[in-house]
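Each structure below appears as structure tokens.
Both complexes shown next keep subunit A, but they swap its partner, so subunit B is in the first and subunit C is in the second.
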Partner chain A sequence: MASDQQTGGAPQGRRAIARARRREALARGWGQFRTRRAGMAGLGILLFFTLSALLAPVLFPPETISVTRATGELLAPPSGEFWLGTDDSGRSMLALLAWGARVSLTVGIAATLISMVIGTSVGIASGHYHGFGGAALQRLTDWVLVIPFLPLAIVLATVLGGGSTVTIIVVIGVTSWAGTARLIRAQTLSVEGRPYLERSRALGSGNWHQMTRHVLPNVFPLVLANTTLTVAIAILSETTLSFLGLGDPLRPSWGATLDQAFSNGAVSAGAWWYIGPPGLCVVLVVLSFTMIGRALEQIVNPRLGGQ
Partner chain B sequence: MKVRRRWHAWAAFTSAIAVLVALPLLPASAEESPSPATSAADKTVFTVGITQDVDSTNPFTGIAAASFEAYQMMYPTLTEYSAADFSTVPGLAESWEESADKTYWTYKIRPGLKWSDGEPLTARDAAYTFNRVINGDIEQTNYGGYTSTITKAVAEDDTTLVLYVKKPSPIMYQLAVYILPEHIWKDIDGKKVKSYKNEPENGEAVVGGGPYVLIERRKGEYLRFAANPNYYAGKPAADEVVFRVYKNTDAIAEALRKGEVDYANDLSANVFNSLEGAEGITTVPSVYSGFNQIAFNMGAALTDGTPIGDGSKIVLDPQVRLAVAQAIDRQVLADKVYGGFATPGSTVIPPLYTNLHLEPANPVGFDLDAANATLEAAGYTMGEDGVRVSPDGERMSLRLLGRQESSESQKVVEYVKDWLAQIGIEVNVKIVSEDTLYEKVGNGDFDMFEWGWVVEPDPDYQLSTFTCDQRSTEEDGTIYAGLSDSFYCDDEYDQLYEDQKLETDQAKRAEIVKQMQQKLYDSNAYVVTVYYDNPTAYRSDRWTNFTPQPEPDGVLLFQYGTWSYESIEPVTADNADTTSSSGGGVNPALIVVGVVIAAGLVLGGVMIGRRGRSEDDVE
Partner chain C sequence: MSLIQDVAGGGGHDPVPGPPPLPRKDKGGKGLSPGASFALRKTGAALGTLFFVLVVNFFLFRLLPGDPIGMYTRGRNVPAEQLAQLRAELDRPILEQFLTYLRNPFSSTIDSAQFNRPVWELVTERIWPTLLLVGTAIVLASIIGVWIGIKAGWKRGKSFDKVSTGVTLTLYSMPEFWLGMILLIVFGVGVLGLPGVFPIGGISTPGVDTSSLAGWLDVAWHMVLPVTTLTLVYLAEYALVMRSSLVDEMDEDYLTTARAKGLSDKFVRRRHAVPNALLPTITLIFLNLGFTVSGAITVETVFSWPGLGLLSYEALRGPDVALLQAIFLLFSIGVVLANLVADLLYAVIDPRVRS
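And now, the complex of A and B:
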């Protein structure tokens, strides 16, 4: 910081260079990404679902998913009016799915943000500090890693008071960071072994400076690639928890819709349009995030091969 | 090792197939031997599937619904509720009379009765039982409610029982105290009774006086009852009744389909629908005595009037509650949420109690415009965000609690939220467990909630839930919930409640009970959403002549009384004799074929397994 002030105009020049480099790296990354068919396909699917989530209120006004103003027959099969049939309250399944995309994507991304922030901080800190603190953090990570996810999530959701979307986000966020933390820790160790960090230490940079200025930028691509993979898991978890009745039953996420379908006898009624489409949506979105994530991973981590 | 494992897999596979093939062909053998002790063949066995086991066969300690079903099979009561309309009919007592000065009641016991072991059953047994409850400690738990006004019981002779009372009470018509054999129970004192099991010992049945006696019990598995030849209404047609315990109603429905049980109730709408039309099975919706409601917090307080909780002031306004009642379409709830297995609700005494139910003369119908007008007239003006504002400037935002345990409850609150949004009331729904809900309601921490009651034929208990005395109480800083969950408190209502408690003329009492229902209906303390049915299915290819309570479409078992157990008869097919028809009429030849096929498959499996081994050996 001190040197920044002394050299006056230089920082701007340096920042401009950094920005240009970053832009260049991004462009190069995009160029590489474009060559990966799976990644592009994933991106396409994701764009489709994001658009339908954003456009849901326009395409399907809130009245269409209101139980009291539903116009369809109960559990009607697909028809010209209702392309994907209706649920047990006579609501259009298509509208429910579009609104469900909003909930599922929101929960998935919000939970992932929590998970990433915790995972990255713990990962970097445990890689950076070699003393008791680092070891403690690593044991904590191991501990969270070995606790079976589902029981932990169910207990947490119950303790935090089930039945709300925020609870689900928090529960998924605080239970799914351990894998990320491990990954980031490994990368941190490798970055910290590089000579320029030793130089930086020799020049007197503190822990905070090292972690945020040198380690974080270096592990960031990995964080990004891991994020997309975690989103997939988070969406799947949201579906699971909602299916188990721990979500907000009044918000039609895909998992909640599946839960409704099962508890209202869609299976014995043979209402495949009530069970199939929400399941398919989950599969597609999870698949798209996974494909994007894998593609990104291969770009930021050439050692994974794939070229 | 490799070879071995492969052979095992084959053996397991083939025997699994053998079982699968043989199972559907052998329902008779599975059904006719509920326990190893039965030598089946010439006995008719009626099997009932239950989800909650009998917790104790000792009538002083059990509390489960199935336990009381067992007690009324094992022991008689003085009077009974008729199957037709729940009116009082003779039981052990042929007749009864209140004395002119209203200080005692005289019951004439049927003469010449015997317990199942041949000992005489007289008024002395009845007097013994009542005195035991009156003077008892643990004996009070289940029956104290019936004997609170009785001071003592005296048997003047073998057929005359006199009960002295402190004050007149209509409960004297319906004393559901199970009369026990004195010669057995005199040896079981107040201390022993707590842990007394009252189960068959050394293969000897528990001595009883009801239509059936308990002959075998396995905890968590089944209870076996045999018809009592000494029963005063005659020996029932089914030789044995078995209560078999299952994990859930789906499992019972499956067992019914397979023929393992003859009767299943409490079925969900979709299971019921899937059983409809199944061969040999008859499904009946059965009207039931339960209702569900949206309840309001009408000013939560302790019995001394100290306010508790954080209920909204808005629902204290009767006009707001009226508007909510106008905004709930009970017919839609009955059709869409309960799948048609419910009827729209009105008052807190269900219509199946024809003598007591009041159908309000001024019914509040579903009308969103009227609901909006009601709120407008009461000074609740529409805000810019579509939510009304009270005359005090408070936003009309209310909390509504639904139950996690019930998918119907969760749907109902969604519908209510939706309708209320259309009249400018914002509803924040929260789904909680029933335990949590009970606690929140007891503490008064709610605005509205969804729950329900099952109403007994005697209206006293249900009506008491709206008295001031049933509000919460506080002890050492902890608040304990009373029976009241609406915190309705009205002096006039309380007076009517006391009046009906003392009125021994049943017609006059019914009038008071109807007045009370009207008061509750007008206050909208509850918006009774629906009276729900009890979807039931039974093997009509084996059993016939059930007695519904009430007639013509009430429940078939788990009644107030043992009417169906006494009336059912095995189906007698034209081509088969009576005994084998109860087994579902499976042709013995089919069983032989099944066994042959199964044996063949096992043999084939072994052969293929052998060949697999030799091939491996060659390798």
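And now, the complex of A and C:
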């Protein structure tokens, strides 16, 4: 900060240059992304689900998914009035799915944010500090990486109190950062070996400055590509945890709808319209994030080539 | 040969290194051979992880709000002297409790709240069904998955690759329990007028003696749907990993050399490329055992398979805290041990990692 004022010879120059560079890099990235069909298809699917999530309250007023005010017949197969049939309380499946998209996407993205912040910080710090601290962080990462996710998540959710969306977000966030941390750590180590960091150290920059101004911008593209892949996993995890009954029953996600279908005997009733569509939505959204993530990864890390 | 002995010796020696080993213990070795020190290092790391698991398992449940006694005994009639004993135990200093716990984490004095039986007794009788189910699925999935991965990776970009990558990515994006429910509804219950063929749950038909041949067949018949579900979900990952590690090998010089020698394409693939590409796949199969566990929990629930997975679900729905604690510990130990085995195995087949 102090150096900003001291060397402010070209006042708007430096910021503007940085911004222009960033814009250029983004445009280049987008140009590369556009040529990838799978990535673009993923983006299309994702846009569709994002729109349904945003428009859910407009298309389906809240009372359509209220258990007490549902108008349909119980467990009715698809018909002209209810395109995807109804659930065991007579609610329209289509409305449930649109509202479920809100929960599933929100949880997926919020949990990923937590996971990314922890994973990136731990990864950069453990790659930057070589002493005890770095080693301890690396150990912690290895531990969290090995512990099986679902049992740990179940235990955490029980401790934090199940049945709330916030709990699910926190649980997924704090259990899924280790993979990111390991990836970012490796990248940090390679960035730290480059001459410009040596120069920066020689000029007397502190740890914080090195990590935030030099390492972070360099690992950021990788973080971004990893983020989309993590969202995919987070949404799958949300579905699983909600299916196990840890979700908020009042705001049913796709997983919670599947839980309800399963617990209320939709399988033995042969109600395929109650079970099929929520899962299909999960598959499509997870697949779209995976395809976008893979396309980004190939752009960010050309070494992967046309895999 | 000596490499294998080194690793096995190091693993069997037990983690405590004791006094520095005498030189010339290994043939021609100087001090601790790289193999043995690798094995020691990995065993140490695994023990560290186990300790971490124990810490989490002990302290996390102490963080639960409310009266722990009420939580552990939820809805049960517990004799007064047992309650007093429990309270005395919980009133001791927390570190003292932790040390007692460390000494023997498997001897919980607390019974399961749901089943009213000691938790470890409950857990141990559920291990075999899970091993049977998950083990079968892993074996099938690794064979099929690796085969698909080889076929797709060797002819990258061809139609088989495109189709199989699409299918495996889709399977990979699928909640395993959902796939299970779909298979169950289509092949177990029957939809749109078609009758169901397979049993809709359980491990055997009630009343059938499972030690007889007919009983075995009955169990196998009950296994078809859950094993198919798990196999499909697991193989997606194995195929993707195998494919990308084969693709990584494709540009290596030794393959060009092999081709230049005039070896047939099939021979180059089977004797040169695949053995190398298998290495990372094997590690990843083991490393992702945690993911296998989560499949077991939900799929066993869907098919009412009486294993550890279904038990976790029952414990969770309680919630039966003592039981959850035991299951978490067991799953974690299993995965940590499997990882250790993978590390050691990997060092045996690929000497490069030992340095």
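As a convention for this text, the second predicted complex is superposed on the first by the 299 of 307 C-alpha atoms of A that agree within 3 Å, B and C clash if a C-alpha of one lies under 4 Å from a C-alpha of the other, contacts with A are read in each partner's own complex, and residues count from 1 in each chain.
In this text, contacts are C-beta pairs under 8 Å (C-beta built on N, C-alpha and C of every residue); 3 or more make two chains touch, one makes a residue touch a chain.
Owing to the predicted nature of the structure, the values given are computational and were not obtained by experimental measurement.
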### Message
In the overlaid three-chain picture, which partner chain does A:Ser89 touch, first (subunit B) or second (subunit C), both, or neither?
### Response
first
### Message
In the superposed model, which partner reaches more residues of subunit A, subunit B or subunit C?
### Response
C
### Query
With the two structures laid over each other on chain A, which partner does A:Leu250 touch: subunit B (first), subunit C (second), both, or neither?
first
### Message
Quick check on the superposed pair: does A:Val58 touch subunit B, subunit C, both, or neither? Answer first, second, both or neither.
### Response
neither
### Query
Which partner does A:Leu203 contact after superposing on A: first (subunit B), second (subunit C), both, neither?
neither
### Query
Looking at the overlay, what does A:Asn264 touch: subunit B (first), subunit C (second), both, or neither?
first
### Query
Hey, what residues of subunit A end up touching subunit B and subunit C alike?
162, 245, 268
### Query
If you look only at subunit C, which of its residues touch subunit A in the complex?
45, 48-49, 52-53, 56-57, 60-61, 63-64, 156-157, 169-170, 172-175, 177-179, 181-182, 184-186, 188-192, 200, 244, 247, 289-291, 293-294, 297-298, 301-302, 312-313, 316-317, 319, 321, 324-325, 327-328, 331-332, 335-336, 339
### Of subunit B, residues touching subunit A in the complex
268-271, 273-274, 329, 332, 336, 402, 404, 407, 410-411, 413-415, 417-419, 422, 429-432
### Message
Applying the document's contact rule, which stretches of subunit A touch subunit B when the two form their complex?
### Response
66-69, 74, 88-90, 161-164, 245, 248-250, 260, 263-265, 268-269
### Summary
So, in the complex, the side of subunit A touching subunit C is made of residues 139, 142-143, 146-152, 154-156, 158-159, 162, 232, 236, 239-240, 243-246, 255, 258, 261-262, 267-268, 270, 272, 275-276, 278-279, 282-283, 286-287, 290-291, 305-307
